[in-house]
Amino acid sequence: MKGPKMLKVIENKPIAGYVYSLKLHAPELCERVLPGQFFHIKCGGDKFPLLRRPISLSYTLMEEGCMVLVYRVQGQGTKNLSSRRPGDPLDVLGPLGNGFEITNRHQRVAIVGGGIGIAPLVELAGVYGKRAVVFAGFRDETFLIEGLQQRSPDVRIATEDGSVGYKGFVTDILAQHLKEHRFDVVFACGPRPMLQRVAEACRKALVMCQVSLEQRMACGVGACLGCSCAVKDTDGSLQYVRVCKDGPVFWSEEVCWDE
Amino acid sequence: MKGPKMLKVIENKPIAGYVYSLKLHAPELCERVLPGQFFHIKCGGDKFPLLRRPISLSYTLMEEGCMVLVYRVQGQGTKNLSSRRPGDPLDVLGPLGNGFEITNRHQRVAIVGGGIGIAPLVELAGVYGKRAVVFAGFRDETFLIEGLQQRSPDVRIATEDGSVGYKGFVTDILAQHLKEHRFDVVFACGPRPMLQRVAEACRKALVMCQVSLEQRMACGVGACLGCSCAVKDTDGSLQYVRVCKDGPVFWSEEVCWDE
Amino acid sequence: MNRVDMSVSIAGLKLKNPVMTASGTFGFGEEYGEFYELKRLGAVVVKGITLKPRQGNPPPRTCETPAGMLNSVGLQNPGVDYFLEKELPRLLDKGASVIVNISGATVDEYCAMMEKLEPSGVAAVELNLSCPNVREGGIAFGLRPDAVYDVTRRVKECGDRPVIVKLSPNVTDIVEIASAAKEGGGDAVSLINTLLAMDIDINTRKPVLGNTYGGLSGPAVKPVALRMVHQVAEALDIPVIGMGGILDWRDAVQFILAGARAVAVGTANFVNPLAPVDIIDGIEKYAMQQGFSSVEAMVGALL
Amino acid sequence: MNRVDMSVSIAGLKLKNPVMTASGTFGFGEEYGEFYELKRLGAVVVKGITLKPRQGNPPPRTCETPAGMLNSVGLQNPGVDYFLEKELPRLLDKGASVIVNISGATVDEYCAMMEKLEPSGVAAVELNLSCPNVREGGIAFGLRPDAVYDVTRRVKECGDRPVIVKLSPNVTDIVEIASAAKEGGGDAVSLINTLLAMDIDINTRKPVLGNTYGGLSGPAVKPVALRMVHQVAEALDIPVIGMGGILDWRDAVQFILAGARAVAVGTANFVNPLAPVDIIDGIEKYAMQQGFSSVEAMVGALL
């Protein structure tokens, strides 16, 4: 972890309704950032919005010395972010957090993303390439599919409205797949109810699962204890850990889902 | 007075260091606005900066249905304003205030502006044309001179650093002129110390003088009593009046200068 | 979809909708009355008046702060007699429900004003208790429960008009103060008035306001106001008029969910002169979407 | 130009500059210590600790508000023993001046912590009086002058370390409370802690914070903080550590001009991790430009 940097915006364009792809010039950070890590970004002016917003790495473009973050416009922070233009400086802190635990012993992995939760998984898909099956779920409009396919050929798509791929939830196709195939580990990112369903499916299939959690953050670096989430301690007791520093990636079995 | 309008920015460009010229499409307002009136402008987003900022009409461009406001970047509000681009909508309330009192009996008038206080006088110069002598004072860099000259040929310039015209204060050349020439009325706009000196010179020369005052404003329409300035009542007692509604133009002899 | 019943009953009044203006931000309705019809509002709360005319504080009287503003108007107003003669008839002609905010330096002054207002057409009287009480060495009435109780009870005795007690947020225990207002016979409480605050110009090295201290209002104070409204509405059975930082309908809905039976819009008028009417519309749409048949059903409807 | 003497004496301590971190926003210095050397700060005020470890409040614990934020961390901390064993040595190794913020549910708990801290290398102890006092039915110590006096006096008796009393702004009369801290023997007062506040999500119709209420901090509260610092500094002869909404050096200068002898930077760390060091530099430049030979000469230098 180093101080915040002013990075240059290379591109900031919509890739689906409300979803933007932000390319930043950051050769040095590209070298260091791990899949699943995030950046804490000053989206607005001085005082409004006040706090930084956490956005994960989507993927790096090593040759260009660039990294790409993909975000959905949600409220004022991301709205401000979406108005940054090429050439603008952007105040970025990070990479932060632990990122996914990647080992060379994983021979077959599943990567499961829902909605904007797909964004943080693209770099990870690149790490596992052919060893991964990627499950991507959308409400209707899809995005980042090409980027995923370039990195990891086996991409299965589910849409709630059935416009592309399987009609229904991505967790359905995952659960089905888990019955027939064996994975060394499952990586998941998306809305909490989806993660909970993935965790449940993995528990049943006796597969280890890493989930990337979200929580409202203030500092983003571990100092304020503002982003706590409850995990089970080794003795089964509940304990609060920091999503920003101890996470955002946790083993699904640690997480207190019904909290 | 009508509700706030979303006007289209046609042009918003620097015309001197920190000084911007903002052209707005507003055919209907052009017809109504009087020299010396101002607009109350939402410069920023929703909450920051919160309040509107008062900016005077500089001049209208009737054929184009446009009006031009000229402002100096001072703090956050005007800084935000300066980042508006052509095509952007701008939330403008007005015209507000009384404007200069103009009568057809004024045969010879002096128009005196200091710094950004020159901006609100351009339209007025157009009203009086050849009947006016315009005195314009600057620190160093001049602006709006051409616009003034087009409307009123006799423009006298003073700069504090002597780079253009008389070296010194505009009040010096005014005072000199007042000794030799008779004016029916003097109109002045600029920093308060300058206005006070103009008022003093006029008092000595027995010339009536109208000054455009500034005060921090909240509502801009007369409802909050936030923009008070002290004037002398007919019985000599001090009384607070509203710069936004009872002004911004006052007869200099009413104003309590040492308040 | 069915329409929502927007009316609310508060302090014995039936208002056509829950949106009022906050005292001191709306003058006597003249200026903003040029933007829309005043009778569209639940009520017009006029600027604070006193028994005698007041000149107010020296300028500057306002300044902007992060997401807020300070004011130190100092109750500049033409006095109750002028108000009754010149301003009130004009307001009533427009069909507005008028609530008069009154300030006194002594309990007797409050009572004298109440007696003058009683026979007029005002809908209710709002006691502004943030003004220094000369009897108690300049401590504002609103800061001590016994003083709040006392002035409320005495004013109630002077007439039958509903009395709304407007509370200062600059207190340790807002529930204790609101409770004193209730015990004194107050028909409703308004909260919050402004937070005492200051700003400093580091170039001139002087306070920005001519009066050094002023009142903080606007979005910055909303979280404090919401908390106080929630505390009072939870603890006491007295209707609450919520205010403090309401800029748009979302803010107004927050106050209603927190337990306010009506809301008042202050600083927002300066930002958007149409704020009160926009807020009425927004509340109605929200209620419709959420399936509330009336605004009253939304009051305190936190889950 | 000559350099400015940046050092300040406060509560018997000589600090190399007037800039501290605000408790709870800086952890135990570990995280921000990666951005710059902790010994550059006037002092590091560590997160509030308690006698026994505490788990803290349920999430969400933070949310943004207009120009501010709410927090309801609920004093999650590993307890004083762990702090002394694991955290303090690391901080002292880095050359930091360490001020320990302590919270207790009873006066005895404060004293027990003071006794444990006394023999350690901490520079001073800061009493956080915003926590509910179990003996008094959950009313925070900081809300009542007698309680403030009592806990300050008792803690002072437990050791020789300077005691800074951190005051809650949620009170009617901050001068009365600060005065109690002074009478109790407090060496300095810190103000302000956070304003009690809440936020509501109108979509879920629930309070945003897991704990319903939380503390408001950040630029939104600065005008209130400045006013309180000014009031206390004018009225009493006790050094004031000013905080509340300081984002940059301009804000810090305002507090010093208002009468604060030192300042603490809280929420700003989250916005700009380098805020405290940027602020040190900025204060120095300002002092130089304004012709102050020392920061101490700037204290209370309103014109």
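Annotations
Going in written order, the chains are labelled A, B, C and D, and every chain counts its residues from 1.
Operating definition for what follows: a contact is a pair of C-beta atoms (placed from the backbone, for glycine too) under 8 Å apart; a residue touches a chain by one contact, two chains touch by 3 or more.
Everything numeric in this text was worked out from a predicted model, so none of it was measured.
When chain centres are set by their Cα atoms, the one at the greatest distance from chain A is B.
Chain A and chain D, compared by their mean Cα positions, are separated by 36 Å.
Centre-to-centre spacing of chain C and chain D amounts to 34 Å, using the average Cα coordinate of each chain.
Inter-chain centre distance (chain A to chain C, centres taken as mean C-alpha positions): 47 Å. Multi-chain contact residues of chain C (touching two or more other chains): 66-68, 218-219.
Residue numbers of chain A whose C-beta contacts span two or more other chains: 46-48.
Taken chain by chain, the contacts link every pair, so each chain touches all the others. Contacts from chain D toward chain C in the complex involve residues 65-68, 70, 143, 170-173, 195-200, 202, 204-207, 212-213, 216, 218-224, 226-227, 230, 245, 250, 253-254, 257-258, 286, 290, 301-303.
Chain D contributes residues 24-27, 30-32, 34-36, 47, 55-56, 58-64, 66-69, 71, 73, 76, 218-219, 247, 267, 269-274 to its touches with chain A in the complex. The touching residues of chain B, when paired with chain A in their complex, are 45-48, 76. By the touch criterion given at the top, residues 47-48 of chain B touch chain D in their complex. Only residues 1-4, 42, 46-52, 93, 215-230, 238-240, 245, 259 of chain A touch chain D when the two sit together in their complex.
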